[in-house]
Amino acid sequence: MPFAEPALVVASILFLIGAVGIVVRRNLLFVLMSLEVMLNAAGLAFVAASALHGEPDGQIFFLFILPVASAEVAIGLALAVLIYRKFRTLDLWSIADSAGE
Amino acid sequence: MITLDSAIFWTSAVVAIISTLSVLLSRNPFHAVLYLILSLFGVAMIFYTLGAPFLAALEVIVYAGAIMVLFLFVVQMLSPASVPDSAADLKRPSVGQFIFPAGLAAVLLTTTVLALYRSGSLASADDTNVVSARELGVALFKNHYLGVELASLILLIGMVGGMHLGRAAGSPDDAEEDEKVAVR
Amino acid sequence: MYGPSFDYPALWLIAGFPAIAALLVFIFSTAMRPKTAGWVATTGVGFGFLWAIYCFVAFNSAAGEGAAYLRQNHWQWLDAGYIQASAGFLMDRVSGIFSLIVTGVGFLIHIFSTAYMEEEEGQRRYFGYLSLFVASMLVLVLADNAFFMFLGWEGVGACSFALIGHHYEKSENVAAALKAFFVTRLGDVFLVLGVLLLAMVATVDFTRLDAIAQVDLGTVHPVFGITNQNLLFIAGLLLLGGAAGKSAQLPLQTWLPDAMAGPTPVSALIHAATMVTAGVYLIARFHVVFALSPQLMMIVAAVGALTALYGATCAIVQSDIKRILAFSTISQIGYMILALGVGAFSLGLFHFFTHAFFKALLFLAAGTVIHSLHGEQNVFKMGGLRRELPGVFWATLAGAVALAGIPLTSGFFSKDAILWSALTTDRGNLVLYGIGLFTALLTAIYSARFIYLVFLGESRATHHIHHPSPRQTWPLYILAFFALFAGVLNIPGLLHWEHYFQPQFGEWTAEPSHVLSAELIAALVSGVLAIAGWFIGAAVFGPKKVDSGRIIPEPAMNPAAIEIETPRPYKSGAASFLYRAWDFDRLYNATIVRPYKSIARILGAVDEYVVNGLFEAGSVILQLFHGFVVTLQNARVGRYAAVMLLGAALIAVIVTFFGTDNL
Amino acid sequence: MLTLTLIIPLAGVLFVLLAGRVSANGARVAALISTVLSLQVSYLLAAQTRLSIAEIDKLWIPSFGVHFAIRADWISALFVLLTSLLTVFAVAVSWKEIRERVTSFHVWLLLLQLGVTIVFLARDLMLFYLGWELMLIPMLFIIGSWGSGRKEYSAFKFVLFTFTGSIFMLAAMFYVYYKHNVETGTLTFHMDQLVQTSLSATERWWVFLGLLIGFGVKAPMVPLHTWLIDAYPNAPTAGSLMLSGILSKTGIYGLIRIAEPFGGEVFADFQPLLVTLAVVGIFYGAWIALSQRDIKRLIAYASLSHVSFILLGMFVSSDMGFRGGILQMVNHGIATAALFLIAGAIEDRLQTREFPSLGGLWRHAPVMGAFLLFFAFASLGLPGTGNFVGELYIIGAALQFHWVVGALAALAVLFAAIYSLRLFTGTMHGPEPAALPAFSDTDNRENLLLTSMAALLILLGFFPGLVTSPINPSAPPPAATAVAAHQPKTTSLLAMNISSPETKVIAAPAVSGGVE
Amino acid sequence: MSTWFNVLPEAILSIAATLLLIVSTLASTPAMRDLLRWLSVFAVVASGVALVYVSGSFGLSADGWLNATSFTTAVALVLLSLIGWAILASPVPGEYAGEWFALLLFAALGSIILARVANLPGVFLGIEVLSISLYIMVAFRYTSRNSLKGGAMYLVLAGVGSAFLVFGMALIYAMYGTMSVPELAVLSRSGALPLVAALGYGMFLVGVGFKLAAVPFHMWAPDVYEAAPASAAGVIASASKGATIAALLPFAFLLKSHFLVIALLCGASMIIGNLLGLRETRVKRILAYSSIAHVGYILLGFLAINPETPLSLPANINPDGAIVFYIVVYGLSALGAFAVLGMLRGDNIVTLNDLHGLGRTQPVAAACMLVFVVSLAGLPISVGFWGKLYLFSAAFNAGLVKLAILGLIGSAIGLFYYLRIIVHLFMVSPEMNPRGVVPVTSGFQKSVLVASASAVVIFSVFPDWLYLLIRGFK
């Protein structure tokens, strides 16, 4: 059953929701989550694409996305913790406006 | 005609989209994480309908199971509960903030949909053939060993990063940290 | 072969001696004692004089063998296209006379200066420029082509600038010097253009000027698209302009009265020997060009006559002793130009010859007077000097009568001959003659006025008298002698002078009628007129006519605007008008000087704010753009992501709607 | 000879750096030695080029076809000579004026000389361009670090203007290069090949325009001159000396040696515009100069006027004008240098350049006054100085071009008189300003410099042939055959045939004639 | 010999990096840390040798992941040498030097993969290896708030970028069902591009554009450059850009379909990049803006590539060669400039005022800076000028006159801020320096600087030598 194209549409919808989230949310945690959503949506797109062609390559690509996503999250969250320590907030705007050093 | 698969697909798609939206809109990180987990479940179901059961499992285990839990830990650690929901960064973004990005997103979406359906040149397999874990493994390790290596390296780098940045958690004293991490 | 030899001495030395002297003075100026400087300069000019005599004699002997000129051509100086000029010297009748006068009178003036300048500051500078002045004048008159002549021509201007501004501490002197230089420079512009035109059409080699007569007047000149005739006419006008500039003829005469700012001997040099006569020399030199076109001669004559009248009218009311003489110079030069204009070239030179003596004499005398009165220049504050300075008085009297043209003085012969030609040559006419006569009358009047106010009557002077040294008086006596008797060279009937110049001006001279009776009558008329004028002057300004109460203020010069700003010194407006030299200065200031300055200021502002502003504006615009693009850079992840999203959307739109296989 | 003119400055740089380690004076002496050496060399070079062209041509950057091609015909050699001469002057005037970071100053100065020399010698467009840009950085430093007033601003303005202009120039050069490559398939920047490129009229039009802008900025040609008004006054004396004396000449040199050959026939289309601009420039500069309060600004505008005069001579496209222009370039180089030297000396003594606080200096400094008077007369074109000859030629050529142009050019001489004497009387004449500090006359060093400059001007005034006679009548010379044709069979610059009068004296002809 | 062998260079780097991590725990004294530096340099050299060794011996290898033509080898070697230079020049007094060098090695690994990779996941993974190690390097000095700021920003935005990259790849894959670049090239050249693929490539370009910091994906550059340690910033500017370009080169076939898009990126970068720098007072940001502009120039060269012919390094005006040449030129200059800044101050923010009087207190460093800046500005006769000339003439030959003119205008604007750096370096007295900078430079770093500066000078006089050098890699 041809779910591939609808799946691609769904993927792009998720992807864009993630993008919008990154634009509009100020809290670092939320931004990271949106990032996850985007990567995940990209993965979904790949799986759908592989479903189109009925071969495993797309799914394999998803397997490559996974570690990337987790690595990014690991570093991102570590940064979040540090930033919270230094700035007492996760608000990216106020962080941006606050002085360096 | 509505088959079981299509029902599953559409419901899970709707679930995924709505829950992702509510991640975007929620004000409490806890809820956000939970919504995200929900949307991941939805995506996993879609994987299933797309004939990638193994990936569906991975999605649940790795994403929902590992990454999101990591999120939860951090959320708890930073305990934004102490922070009132009314904190500037947790407020739900106003509609005005949405207009511009949402507009752009709409543009992108329309172009994508146009591309997908106008050209219709996509070769769609009439029937989804399920890729078993075995085939996947074979393909992965036969053709893409380099990718696997790189992926593992990426995880290693991530680990290094986590460790390095995590060090800070230990030491309250910045001064001595400073010259430890000194680099120009 | 005629190299510089005993027979044909090196001409360049005539100018060379003064030049070398000047060079010595300049180079060792700091080492030299002022006195020494004076003597070095004087010696240089003296040698120049002797050498000039030697050369002149040598030339005459050659002329006896039928040669028209001596020429020594040293090297090719200018060599480009039609500008071909050698650095060469030429001695013929005209330049011979001129070089004699320049060196001779110059020598006397130098001697005079050694005494006159004794107490002054900056003697070295003074003498250096003085003999350089003489040297340049000699180059002017001895050059063998117009371009080389121009070297001397400009050198004269430069030295006059330095000398007029000798007392540079006072702004008005500086202003006067600048005025002299600029006005004459304007003339030089015309001269350059004229010379270039001539060079383009024919030649400016003085030995080949007859070639100008051979030019086919009918043909159209390729460059200018007008016939050679008109071209030569224009060239002549331009030359006249140059002459007017240097010789202080209308309308470029305004600089001369102010040139009084310099020390008096300088004025003597400028007026008698060197600078102002350059114009006369120029026209005499290029007589061919002028003689070719009657209209041109007419214009020249008119300029001369009018200037003569102008100078006389102004001189008659002046109060400053030197201004009187200055205006008289203008007037007398006018006579010379008139003479040239009516085609009596040799007579023009003759008047130059005589004038040189009596004018130098008068100026030096004036200098002595001023000197002895400690710088007093207002004739109404003098008087009765006859008792104090008898020698000076008699000498001055000689000069004055010569200037007035009292019969049997040199001035009489020269002036009368000019008037006669103005009447009888085919170029002359009654109007010119009339003007000349009237001017002669005025001349006599102000000469008398000069004598009476300065020397006769009771003393109105406040200072005690400072007696001149023999070095000041002897030159006066010598000059007085010539002033009285130089006329014999051209006694009507004998006319050595005119015959002497016959080969030079030859066919170009417009012959006056030589009916002796008529000529004698004319001479009688002018003589009587002169005497009458003298008596009128005596009657008006004679003893007990001028009370010390009625004193005319001396002109106060306003350095900012180079013009005479005086209250109306006389009750009659006309007199004041004449006193202010017909208000030429005001006219020029209003029409030329002030507009020029204001335009300069405006242009300056334009360059500052408009032209430069354009480029500044460019940078401002760039910075505006910068500000525009940089405002987005506010470290906010959300906004950055939004821009990325925008880019992505743009790309998507382009790809989708502008086609993919574009370009 | 040829390579030495380039090597000596380079070696000089190292020499100065080493000597600078010893002492400041060491650097000065080293710089002086190297400049005097290159003066000697370029003198010999010039003497040689009176007979034959010196040339070197090596492939330098094959991948671009950039040649190390330098050629010295008379004109190039002349300007190289002028360059090295003025560099000697520059070192000498900086002797006391430059007190800090002496070493680097002289290093930059020598680099500047190198760049200019390359420009005057290069026969390869890219090499020319490199030399052209090589002048930028040194000048930036010389103005920016040792200047006065708004020095950084001026330095910036200079560099940005020149660089922007040179971009147009480069674009034009590159286009020809490209076309030549398309035509012949060979990559070369060598002029002799590139001039043979066949370009359509419109192409030539654009190429010429690009080159014109590039060179016009440097010259400078009105209205591209505004950098000059800041750069000249605010540079140190040596800087303004080099700027006005040489760098402006590079622009003109480029116009006659590069722009005109490439412009070819389209030059005729530009000629009216260019002549107009030149005339406008003459009066513009002369007029504004009068309204200046700052003596150096006055000199700057005067220099603008003179440069426009030179350009006029170049643009009327006649042999006479060309000779006048070349001669005038030399004269202007020397005269303006001298004026800047004196102005710098005054500023150095009084710390001011404004007329209101100047005047009556002659009493204190008669010698300086005499020199200033001389050079003022020189700059107003008094006969006896080379300037007169140059201007006379140019006026004569302009008169042949069109009588109006000629008349205006002649009138400009009057204007020149006005501002020049304003400069002199404003400083030396008139009453002294209140509170004039002790003012010392020129010292021996300055006297020596000024005397030599004056001597040069007078020499050129009486023997202009020294400069002009070797110029090939077919001016401006197409590079290849430049100056190959001229006669003098001696290798001394002073080979004017100044013959004693005897040679010119011939037997007295008939009565009409005269004894010659 | 199995095609496994072709992975040797990457293998060497990754093993060396892992070893380094282990050894670094033992390295306690500065001396031993210097040992680590040399170890990593050795690793780089070794993998370079390996590269040369395996070059050309295989076509596509590692099952279509890598290829080893002489061109890719040359590019990879260029990138390696840049990072090797960074390792030599980066001053790491701190205790965690081992990690730093390890991260640099990982970055090197990512770069050479990008230089050699031949399929989509390879591109993705290479970019990730590179950028994840860069995140950590940017935030390495976690005690400074600035680093954290910049690190977080870089992480998030780079994540977005790679998300776009992947999504684009997904669409491409959905269209063609293959991930091998050569096959894609063949498929895409045949006829007009279907919309899906076009869109996919578009998003792919978004991701690449982000890594390149091409306008409009440039916003992050100034903040991140400023936050990062100078040497990290140098690597971001030089090696990571070069690697991304290298990854883009095989996609030259896009020029047929996406010319307009790339042209826009190029033009905008050249103009806006230079405009942004115009009045900036913080030096690192200035360099960031200049890097944006330089990406524009490089893209100009990329646009000039003829999609039909294979990549090569011929002698004359040729876009591919010009791009590689420029990567070297720009990389050298940028690394050098950042290295000077790195010596200048401990903290991140260096304003123009901090440069005051450097010309007198630290003539050597200042002179080097002068060389680098002049080369960046592309003033003759610097090697930067030659590089630009190569690029522009290539573009001109390809008929991109308008863009070339735009580039000229851009560089004219750019000259302004480069000049400002020079002026502040040399023409202001040390007293004017607000923070009284006394630069701390070890003799070693100084010598490295001088070496690279003199390299720049030499290549400026004889640009062909650099060319021969690059082509010599085979």
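Each chain gets a letter, A, B, C, D and E, in the order it is written, and its residues are counted from 1.
By our rule, a contact is a pair of C-beta atoms (placed from the backbone, for glycine too) under 8 Å apart; a residue touches a chain by one contact, two chains touch by 3 or more.
Note that the structure is a prediction, hence the values are computed from the model and not measured.
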| item | value |
| --- | --- |
| Both-way neighbours, i.e. chains that touch subunit D and touch subunit A | C, E |
| Middle chain, criterion being Cα centroid separation | D |
| Centroid comparison with subunit D (C-alpha atoms), farthest chain | B |
| Chain whose average C-alpha position is farthest from subunit E's own | C |
| Centre distance in Å when subunit A and subunit C are each reduced to the mean of their C-alpha atoms | 97 |
| Subunit A and subunit E, separation of their C-alpha mean positions in angstrom | 26 |
| Length of the line joining the C-alpha centres of subunit A and subunit B, rounded to whole Å | 5 |
| Inter-centroid spacing, subunit E versus subunit D (mean Cα positions, whole Å) | 45 |
| Residues of subunit C engaged with two or more neighbouring chains | 635, 637, 639, 641-642, 645-646, 648, 652, 655-656 |
| Residues of subunit A engaged with two or more neighbouring chains | 4, 8, 12, 18-19, 22-26, 31-32, 48, 50, 52-53, 55, 57, 60, 64, 68, 71-72, 75, 79-80, 82, 92-93, 96 |
| Shared interface positions of subunit D, touching two or more other chains | none |
| Listing of all chain pairs that touch each other, if any do | A-B, A-C, A-E, B-C, B-E, C-D, C-E, D-E |
| Subunit C residues within the subunit D interface of the complex | 1-4, 8, 10, 26, 29-30, 62, 65-83, 86-88, 92, 125, 147, 150-151, 153-155, 158, 161-162, 165, 168-171, 174, 177-178, 181-182, 185-186, 188-189, 192-193, 196-197, 199-200, 207, 223-224, 596-597, 599-601, 603-604, 607, 611-612, 615 |
| Residues of subunit B that touch subunit C when the two form their complex | 100-101, 104-105, 107-108, 111-112, 114-115 |
| Touching residues (chain side subunit D, partner subunit E) in the complex | 61-64, 101, 129-130, 132-134, 136-137, 140-141, 144-145, 151-152, 155-156, 159-160, 163-164, 167, 171, 174, 178, 187 |
| In the complex with subunit E, residue positions of subunit C that touch it | 622-623, 625-627, 629-630, 632-633, 635, 637, 639-641, 643-644, 646-648, 650-652, 654-656, 658, 660-663 |
| Residues of subunit C touching subunit A in the complex | 634-639, 641-642, 645 |
